[in-house]
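What follows is a set of structures for review.
Presented sequentially are two complexes of chain A, the first with chain B as partner and the second with chain C.
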Partner chain A sequence: MSLAFKNLRGKPVRTAVLVILTVLLALTVFAGTLTVSSLRSGLGSLENRLGAEVMVVPYEATTKKSFENILLQGSTGYFYMDKSVYDKISKTEGIGRISEQFYLASTSSGCCSIPVQIIGIDPETDFTVQPWIKKSFDKPLGDCDIVVGNDLNAFVGDTLQFYGTDCRVAAKLEKTGTSFDTTVFTNESTIRKMIRASIDKGLNNFKDIDPEQVVSCVMIDPAEGYTADDVVNDINLHIKKVRAVRTKEMISGVSDSLSGVSRIVGILIFAVWVLGGVILLLAFTMSVNERRKEFAVLRVIGASRGRLARTVMAEALTVGVTGSLIGIGLGLLIMLPFANAVEGLLSMPYLLPDIWSIAAIACAAAAAAIVTGAAAAAVSAYRISRLDTGVILRGDN
Partner chain B sequence: MLLKGEGIAREFIRVSGGSNRFTAVQDTDIELHGGQLTVLSGRSGSGKTTLLNMLSGLLPPTRGRVLLDGEDIYSLNDAKLSRLRNRKLGVVPQGQTAIHSLTVRENILLPCTLYGNADAADEEYAASLMERLDIAALASVRPAELSGGELRRMAIARAMIRHPEVIFADEPTGDLDDENTAVVFEFLRSAAGDGAAVLVVSHEAAAADYADRRLTMTKGEIAEM
Partner chain C sequence: MMQGKVWYGKMKKLSTIAAVITAALSLLLTIGIKTVFPACEHKTDTGMWMSCHWAEQAVFAAGIGLCCAGVLAVIVRSPRVRAGVSLGMIPAAISAMLIPNIFINLCMKTDMQCHSVMRPAVMLICGAVAAAAAVTAFLSLKAKERSE
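What follows is the complex of A and B.
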């Protein structure tokens, strides 16, 4: 057993304090970086999942923010506009791909198994949802087939009821870190049936609509040679009672919030890092100072200056590695099981990165904590290597 | 074996950055021969410990050379000088010099474990040293639980563990009663008998009974008694 390890074992309180400081350092850097990284993954995932460059919704849906709340905040809701809008938009110049979507919120009353957001798509024209649900369900959605988000407590083969319609769970999606994790997707004819039933049961605020004659949202990709701005401006200028929005513009609020959170987390990490570094520096300095005579004795029995420095550094590295492993372990225990709670707390898209990215963040956080401890100890190691043995032995007697 | 100090002197500066220099040891010639126990006495502040530290490779002299079998030990780099101290020189410093995180046995074996592992012969020798110095029962005890005398005997055993060619002991019996003082001097005497050169700094009158040679220091100057 090395002298460094024996020194650490021989002073359990001092060692525990140093390890706890390193744990806090590694935990903060790891958890903070993982949070920011997850928010970035969530935003990227949201951008991918929205899948269209332009969305057209009823004007009221944008003023009441219900549209953004459904897609960004995970709220449930619905709104409708006349189907003729879809036809008008189709004829607008610069439209490349176009598809319609239908929204409905289920309720917690007896007619529905669970209260969720339901989105209906047209399997013939859809280019936004089907490409990414393909991984989980590589067939067109049939009548009464549903694909459920990852956070919903339903599994393939289950039957869920929405407004009296029994639906079979055909697939469960991978985690996206967005509101789509609590969404149910179905085809156009099934959701029209549900909308009709919700009106009949008096559970829909739009009592006078004909489900066959409405859509909720039109998704558009501009044709080649046209930009999203061209399409948005043209639609907003010529088609009344609707609002065309660029998806990038819609998520810019989320992006701004993400920047704010990233900045706060970054400042927190920096503050803890600096504070931890200073405290470790003081702790190592005090620890080495109180053992000056012991180091002088090591010189007496033949330890070189380099050996003294290496002993101090070995202590720092042992503390650093131990503290980092515990800190990262704690970080994993907190961040992985409670990812959904963190997502709910931040009210922002939140998607844990893949295992390799998490491993890379863990390694970087561990390295940061170990290097900080080693740098703090290096000052003491240098000073102790300059020790004047004769003077210390005389002075302490 | 011959350890020789040639014109060694040591100056210190009392006030940092000032010019208030004082000379702790005047230009001194001294020889320590194998098989000889030399006792160095003198008043406090006369330069005894400074001389011992210079001879034992712990404090470079301001002037002069320290030769071990003809080799200037201060011409060696720190790593080589440290190895030489570890292999050939045994030092019992003043005061309590235990490593508190180690047991008595680990403290004694520390010179062996510093650059490797203690082998069976080292373990056996440590056991015999502890037996002779009457601290065998304390092998697994940590220094915090020892008396001053026990700590001093542990330091002596530690200095002896590598069978050094030169042994330096600075007030080795300062904390000991008469009986233990006799044990320590007999011990050092037998080390000299085994061929080591022994230099003991001591105020003890009893030290004279074990000495082959007696030196005294006054204001940094050494003289035969």
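What follows is the complex of A and C.
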């Protein structure tokens, strides 16, 4: 057994303290970096999830907070406008791609323990949701077929009932880290059937709408040569009772909050790193000071200066590697199973990066903790290599 | 002979420590499921409990059983009995781990408390109980070998 390892075993309390410090350092750097990285992935996913540059919704919907909550936070709800608006918009200049969507919230009875958001799309024209669906289900959505978000506890082949309509789960979407994860998608005719059933059962306050004559929102991509601003201004000027909004503006609030959270987490990581580094430096310095006579004796019996420095460095590396492995293991046990809980706490789009990125973050965090410990020990190792053996053994400091 | 006795004493002491850890983790599961990581609240509109509540109750019941077995493993002196009790705790802990969403369905959305907090916490703690029980059984069997 090497001298460094024997030294560590001989002083279990000191070793445990050093290992715990390294665990905290590795855990903080890993968990913090993974959180920031997941928030960034979530924001990127949200930008892609909205899919269109412009969105047109009923004017009264934009005056309610629930509008943004439905689109960005995954709350359930619905709003409708007359279908004629869709025809008017499609004739507006500068429209490239255009598609309508229908929103409906399920009741908590029937299929689900709590309401879920149902979005109806027109498979002929849709360009925002189908690219996501196609990753899991490469066929057109048939009548009474539904695609469920990743956070819904339903699987392919299950049958769910919405307002008395039996629907077959045709596919389950991949995780997006956005409100898509708790949404059910279906085609236009199925959702109209559900809206009709909901009206017949008197379950939602739809007033006197005709399901065949309404849409919830219109998604638009401008034609070439036109900007989103041109389209937004044109629609807001010429079409009444609706509001066109740029999707980028909608997520700017989320983006601002995300940069704030990222900055705070970054500062925390840096503070813990500096604090951990200083404490490790002090711990190694005190430990080496305590052992000056021990090192002087080793010098007398023939250990070279380099050998003493290498022993101190080997102790630091052993502590660093052990602490980092435990810290990263703890981080994985906390951050992966509780990812949904972290998402709920932050109330922001949160998408864990792929396994290779997580492995890269883990390696970087472990390296940061090991290098910090080694750098702190290097100072002590240098001092040990400059020991004046005679002075120490005589007892003069 | 002397060395064998020392080794036996060391193994027995270590197995007692492992049994205490197993009992403590079982207690954490039993208390935690009702306080720190419970299932979802009942529905606000109807006051009805959702299915995850019954998973919580089942885990609580399993936790009480694990606690009793854990305490028994700590107080018994015979390494053979301790190993037997600990070995019995392993399938019990694994069964408790499978209660949320496998034996009893949880809520519809996986971002709800029962999926996001209760299930991972139960899985982690039950996994730790099973691992600690396995270590206790191993150390007790080693101690028994030396005592013979």
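Side notes on the structure shown:
Here is the rule we use: the second predicted complex is superposed on the first by the 390 of 397 C-alpha atoms of A that agree within 3 Å, B and C clash if a C-alpha of one lies under 4 Å from a C-alpha of the other, contacts with A are read in each partner's own complex, and residues count from 1 in each chain.
Criterion: contacts are C-beta pairs under 8 Å (C-beta built on N, C-alpha and C of every residue); 3 or more make two chains touch, one makes a residue touch a chain.
Just so it is clear, the structure is predicted and the values come from calculations on it, not from any experiment.
Once the two complexes are laid over each other on the shared chain, residue contacts for A:279 go to neither chain B nor chain C.
Of the two partner chains, neither chain B nor chain C is touched by A:367.
In the overlay built on the shared chain, the residue A:239 is in contact with neither chain B nor chain C.
Once the two complexes are overlaid on the shared chain, A:340 sits against chain C while remaining clear of chain B.
Looking at the shared chain after the overlay, A:181 reaches chain C, while chain B stays out of its contact range.
Taking chain A as the reference chain, the count of touched residues is higher for B when chain B and chain C are set side by side.
By the touch criterion defined above, A:151 lies against chain C but remains apart from chain B after alignment on the C-alpha atoms of chain A. Touch criterion not met for A:330: it reaches neither chain B nor chain C. Residue contacts after overlaying the shared chain place A:321 against neither chain B nor chain C.
Interface residues of chain A facing chain B in the complex, by the touch rule stated above, are 3, 6-11, 293-294, 296-307, 388-391, 393-394, 396-397. On the chain C side of its complex with chain A, the touching residues are 40, 43, 45-46, 50-52, 101, 105-112, 115-117, 120, 123-124. Those residues of chain B whose C-beta lies close enough to touch chain A in the complex are 49-50, 53-54, 56, 58-59, 78-79, 82-87, 91, 93-95, 97-102, 106, 110-111, 113-115, 142, 158-159. Only residues 74, 108, 111-114, 116, 150-154, 181-182, 333, 337-338, 340-341, 343-344 of chain A touch chain C when the two sit together in their complex.
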